[in-house]
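Shared chain: chain A. Partners: chain B in the first complex, chain C in the second.
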Partner chain A sequence: MTDVQANHDWEGRYYHIDQILDAPGPRTDEGFMAGDGVKDFLRKQSKILVIGAGGLGCEILANLALTGFKDIHVIDMDTIDISNLNRQFLFRPKDVGKSKAIVAAEFIMNRVPGVKVTPYFGKIQDKDDEYYLQFNLVICGLDSVEARRWINATLVNLVDPENPESLKPLIDGGTEGFKGQARVILPTITSCYECSLDMLNKPTAFPICTIANTPRLPEHCIEWASVLEWPRVHGDKKMDTDNPDDITWLYTVAAGRAKEFKIEGVTWSLTQGVVKNIIPAIASTNAIIAASCCNEAFKIATSSAAYLNNYFMLIGIEGIYSYTFEHEKKSNCPVCGGESVSLSISREMTLEELIDLLTERQDIQIKNPSLSTPTKQLYLRAPPQLEEATRPNMFKKVSELVPDGGEVTVTAGTLPFSLSIDLSFT
Partner chain B sequence: MIKIWSMKKNEEAAGKKKPKTSAAQIRVQKGAASPLLTQCVLSNIVTIDLTELDLPSTMKTHFPDPADLLNFSLTITPDEGMYTGGAFNFSFAINTNYPHDPPKVKCTQTIYHPNVDLEGNVCLNILREDWKPVLNLNAVMVGLQYLFLEPNTDDPLNKEAAQEMSKNRDQFLSHVKSSMRGANIKGVQYTNVLVQ
Partner chain C sequence: MNDSQPIETATTSIQMSSGAPDAKTRRYDRQLRLWAASGQAALESARILVIPATATTTSILKNLVLPGLGHFTLMDDKVVTGADAGNNFFLDGFKSIGKFRAQEVVNGLMEMNDGVEGVADVRNIREALEIDKGWLKTFDIVVAHNVDSVILDDLAALLWPDTHLVVVNSAGFLADFSIHYREHQVIESHVETSPSLRIDQAFPALLEYAMSLPLDTMDITDHAHIPYPVILVRALEEWRREREQVSGPSSGKGVPRTTAERKVFKERIRAMMRKFDEENFEEAEAQAFKCWTPTVIPSEVRELFNLHPSSASSSTTFSGLVSGLSQFSQNNPASPQYPSGLLPLTPSLPDMKSSTEEYVKLQKLFRAQSEKEKQVFKEYLSRAQVDVNDATIDQFLKNSHAIKVLKGREWKEINPGAKELLAGKLSTHTKEAATHLALAAIRKLRAKSVISSLEYVSSPNDTAMTDILDKDKLKDLLTAEAKSFLPPAVELPEAEWLVASGEVARAPSADLPTTAAFLGGLVAQEVIKMITKQYIPISAGNAASSTNDQLGICVVDLVETWTGIL
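Showing the complex of A and B:
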């Protein structure tokens, strides 16, 4: 296998890349091993995970393969739609309906000799910690906030203070029309995705009273159909925005509304766009952001130059504007913030005694804490009903409520962040 | 590969702000299934939100299942204004994308109010267009209570009630009173919301 791969590396194949790898430059990291050392790591040892094989993913896969990454894994749960073909250039009309991950992997392997791309057609949530631990780096080209929050929390969670290999740099790219961003997240070291959740653009929402009374735009009519009419007519039945029948129903209702108010412009595709919150994807924005992400991946994998610290944003609406800044860690971030302490207590200690202990300890100094584990509430101060429901736990032994080595999250009004306690029993 | 770990160590050694260990991080407990991870983060956020609720005596939360913090109801019993004497119920549903998405709030009774329609939809800016992840459940609840103290005719959801309120205030007040007793007004049967 090594020989076969070696044969692919014909004379001059990496001529341009090698200009960077053969000698240190003014900005190279101390650990940079010019020449064979770094080439060997990049081409023979490194393993990189690409999440998403869509607009950004296709660009990322092509860039990585061409810069010399040879062991690439790709995850995508989606299948190819005909509307993807204008920009997701690894797909052809014959591929419509097939898995994005599988088709993209095959395309790259056919086109770039010696590169192994391992696809997984499914959800990122299907994979466990073991799976994510095998990679050196993770690059995301995702379109959902939810999936980003998941992978971010997973990678932060993966960091084991005893194991340096458990820290996986996460490079996150995102685009929305002419805008985009690329960022480097070093889990537990730099600000994480959750830290910046409050700076996300929220999807455009119209005041519900405007929708109900004074529609002026075709979007108002579509929102009326989806927000007010759908639940009124269909009750609890959930709308499936991927089902053309549901979109047709919404379109018909919205068109009727538009006619009544003499509003023009309600179409089937606008209806679909509004309810799925589709922002037209721009191929060139994807190309720029993917290039930036892969550039960071290359620099981190090779130590050949300083990497992004830590947020690059691009606004291409009027001219081209870009800005790079350091997004700071949020001390009360629910994923990477908060303090943690280890505590060893007697098996016999009750929850009430533990709370007293926390209140008395000088280094913790907490007043009126609420306690919970990742799966259940132990004791909540408020609201009254939950206080009552959890009060019986006060007299139970902590060892009956929390497993040995388990985690307890403590929150209190006096703490600006949450405190997590790593419990063990003696 | 860049030596991130040594950076981390150097940073700690240099006595810089110690990289904080995450709440989620300690959860290396094997067996805690990964898909639940965001669920845990979410439940931490909601726990903080709930334990920090600072509600006046006019508002009470009720959890049908105390283990489920994501679905509950709120009862508002205004002690001033035209809705005094009523107990108004709202359902709260928090989805997994909270606090990026606002909680879904609906009135579970049929009430006569300019900003609440007969299906229970509520016109409150922070529940839709003005929601921000820095807001919390307390802000939403206080906002809801305010609607009962100061119904406003600028953002009507129940158009008839709003028109009545701005054109014929006495008539409006009497409709509020009778609707709260469970009257039928212009063909609409309202819920009796009087405090027992």
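Showing the complex of A and C:
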């Protein structure tokens, strides 16, 4: 048994996978090196990065380990919460409070012999280009748009046309209740995450006057408690939405307001859902989407079969509905496109209004941007001296600051790219 | 995004009175927001049998154990081979080799959730079919993966129709599965259509209220807070009265029909504004289509009235409720209070531009009318002696516009399917049908023992299956089987068959980890829908529909990555 334990590849271990790797199929590319060549690459040379060790991440790690990837890295900044246990199957009640990346990595290494999983308990932004260059493939199982935009832009920027190795396929999965999607992004070649930003659902936002004056729904009362009453009563003390006491306080305040306005339906659970922006999540949808992501990773890493081109969308509410299509690259994508975005605004619009517009536009969604033209700074968030110096511009008309047809560069601290806008006035 | 439950129904029954939820509710929070306490209770009392312990069935079970299934039995008489230890995450690597597969997998699964009861049964299913028929029928659902046709035929015949059978087949990147039930009723379908506000047939109290508002003289702030349904009802009624003056008395039910009429009607709403920025009137203009969208009973619901004919001898609660609904909609020609041809009014309102007072006032009007109509509905129920509690009635009425009754097919009807039907599917759903035929063909070959060596045998002297049976030979065998499923004159579609048969021949017995995980999610999702009676599982169509061309099979191709329904 010692021999087996030393190389871990006991007889028959890859009986199932090897039916694929030993011979090409009807949809296999000519470059496929059936047999030892491809097995050696998959099991001894390939290195894969998994971003997120949550609902999708746990599934992705288990699938990759069984498929034959042996050098896996995983990044996650979160710790385990009890509400993760209904689907994040590498975690147990005793693990609550520990790092997701570390616990998941240990679990996989204990369960699947010969697989090395290297965890990083922290943010993707902590890592530099050198780090990301070491991988053949990146799979994302994230619930954050911001993090996805960051890794997408980072991998697009990494592409050096002189060096084919610098192109790292990005496989991205996401779920919400019974719905999910998986996609393959070949940075600079296919449509990227930023190209499809306008496909996202618009987040529910309630107008502040509704919250303050004319509440109608239980959600309006909860927003009143968290947005207006919390800072009024607690001053600078930050609300901790993971602390049940804070939720209970919000619930009590919201329930009081609801009673006053004869509105029904404020509960503890709804309060928690609204303030934490909770998205329903189940094991089965995560399993489908993670499987799809890993299946694409396997096919790309081995060239054993054609891969998804490039978007798979699933809705499991009414039967099983899915739609596979090619999402098209956007020529004016700020990350992977060559052209700048054209924007036509009123001559009367102030810089502040323009910034609001950039924040709200579905295809742009840049929070807290700084703006400049090739010759001057329009508004900068930092450092404080420059913020102060440029603040008066906020109330000026953009047409007084930028010539018609002029170019404005938009940047934001959270995004590793800038957006170039050609402005015209009406 | 409307697939989440109103949270008050999701958690009240298992929430502590202090407000903060208990540990169990916290653990299941993210799924309770989808199927609520009622769905969870159904899941926790369900009993499932799974055969045998493959990577695919283990993945299916994983996704049922995590959300808290009541009981499962995993039946498998084999011991773990090196191949099993390599593709099943819930085995303990090579340490499991040589031990009972069912027992090892159950041990691995049970680690995840101690609220679930899991039992390993190390008998062969043939044995249970011979001596334990009654016990097999105690399960709610039986799931079988890559089980030979001969056993499946016996099992399916035994279970039909009370225990639902789920048949899953896979080979390499291809798979299909089906659920075998006679009829499946869903009250909480969670479909994304909202019930009608009956703008075109406003109930008397709403009409009266809308007409009573002194629009031109009332306080300007109040004017800007009239909810849009009130504005629409008022505008439509005024339009109708004007028309009667011009063209004589009519039924009082007319609506703007031509594009020109509708344009003028929208302008009328705009003209009702007293200030340029009254958002409630802008909303009314945007929602004006509700005036000419007739409130009718959705055709799918109407069809159900024929399926469950109104009679006093309604056998189940559900058919009693449907019968009551049918009578409600048909038997009220006399009273304008409860108009015929309508479903009972739903009390819930969407959000709209309005002040709190006006919104709550409108809500009260809707609730009062809804309550009256509910009482009429309940009279029909009690006349038919349908014994049902108020909570169920409320749930039913809230969803009455979206109730579903699905039909399924018996296993023998789709193994592989009627020849003419399959021929039709090959022309309308070519890829899906070709994939289904290829998987049915390999199952047949396995049952005929033409390829008996498909199972991995861990003897070093045994050559791999791929050497025993040359792939071209296997493709020919698959083609011969597939042709026997079709009418004599029908040809297999060349390109699609080349792909489907080629994929199966490449990996005839491969239970790939990713395909297994994909099916694990899909099948578990459908099982959860069946158990909770919420959301809509795959089916062979609506039970009341006369068309009968759907097989009710979900087909999966993980090379191009698509799913389809045959």
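Assume the second predicted complex is superposed on the first by the 297 of 426 C-alpha atoms of A that agree within 3 Å, B and C clash if a C-alpha of one lies under 4 Å from a C-alpha of the other, contacts with A are read in each partner's own complex, and residues count from 1 in each chain.
We adopt the following convention: a residue touches a chain if its C-beta (ideal position, glycine included) is under 8 Å from a C-beta of that chain, and two chains touch if they have at least 3 such contacts.
Computed from a predicted model, the values in this text were never measured in an experiment.
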Which of the two partners, first being chain B and second being chain C, lies in contact with A:Arg27: first, second, both, or neither?
-> second
When the two structures are overlaid on chain A, which partner does A:Ser292 contact: first (chain B), second (chain C), both, or neither?
-> second
Tell me which partner A:Asp422 touches in the superposition: chain B (first), chain C (second), both or neither.
-> first
Which of the two partners, first being chain B and second being chain C, lies in contact with A:Ile364: first, second, both, or neither?
-> neither
What is the contact status of A:Ala254 with respect to chain B (first) and chain C (second): first, second, both, or neither?
-> neither
Partner chain in contact with A:Leu85 - chain B first, chain C second, else both or neither | second
Name the contact category of A:Gly319: first (chain B only), second (chain C only), both, or neither.
-> second
So the chain A residues that chain B and chain C both touch are 213, 299, 307
In the complex, go through chain C and note every residue touching chain A.
-> 1, 3-4, 6-8, 10-12, 15, 18-21, 23, 25-34, 55, 59, 62-63, 66-68, 81-83, 85-89, 92-94, 97, 111-112, 172-173, 189-192, 225, 351-352, 354-356, 359-360, 456, 458, 460, 464-466, 471, 498-499, 502-503, 506-518, 520-522, 524-526, 528, 535-539, 554, 558-565
Along chain A, where are the residues that touch chain C in the complex?
-> 1, 4-5, 8, 10-17, 19-20, 22-27, 59, 62-63, 65-67, 82-83, 85-87, 89, 92, 111-113, 176-179, 182, 201, 213-217, 244, 247-248, 251-252, 261-265, 267-270, 272-273, 278-292, 294-296, 298-299, 305-308, 312, 314, 316-320, 322, 324
Residues of chain B defined as touching chain A within the complex = 1-5, 7-8, 11, 19-29, 32, 34-38, 40-41, 43-45, 47-48, 50-53, 55, 60-63, 66-67, 69, 96-97, 99-100, 115, 117, 119, 121-123, 125, 127-129, 131-134, 155-157, 159
Which positions of chain A touch chain B when the two form their complex?
-> 29, 31, 41, 46, 125, 127-129, 136, 145-146, 149-150, 153-154, 156-157, 159-161, 164, 167, 169, 186, 188-189, 194, 197-198, 200, 202, 205-209, 212-213, 227-228, 231-232, 299-303, 307, 329, 331, 333-340, 370, 372, 374-377, 380-386, 389-390, 403, 405-407, 409, 411-413, 418, 420, 422
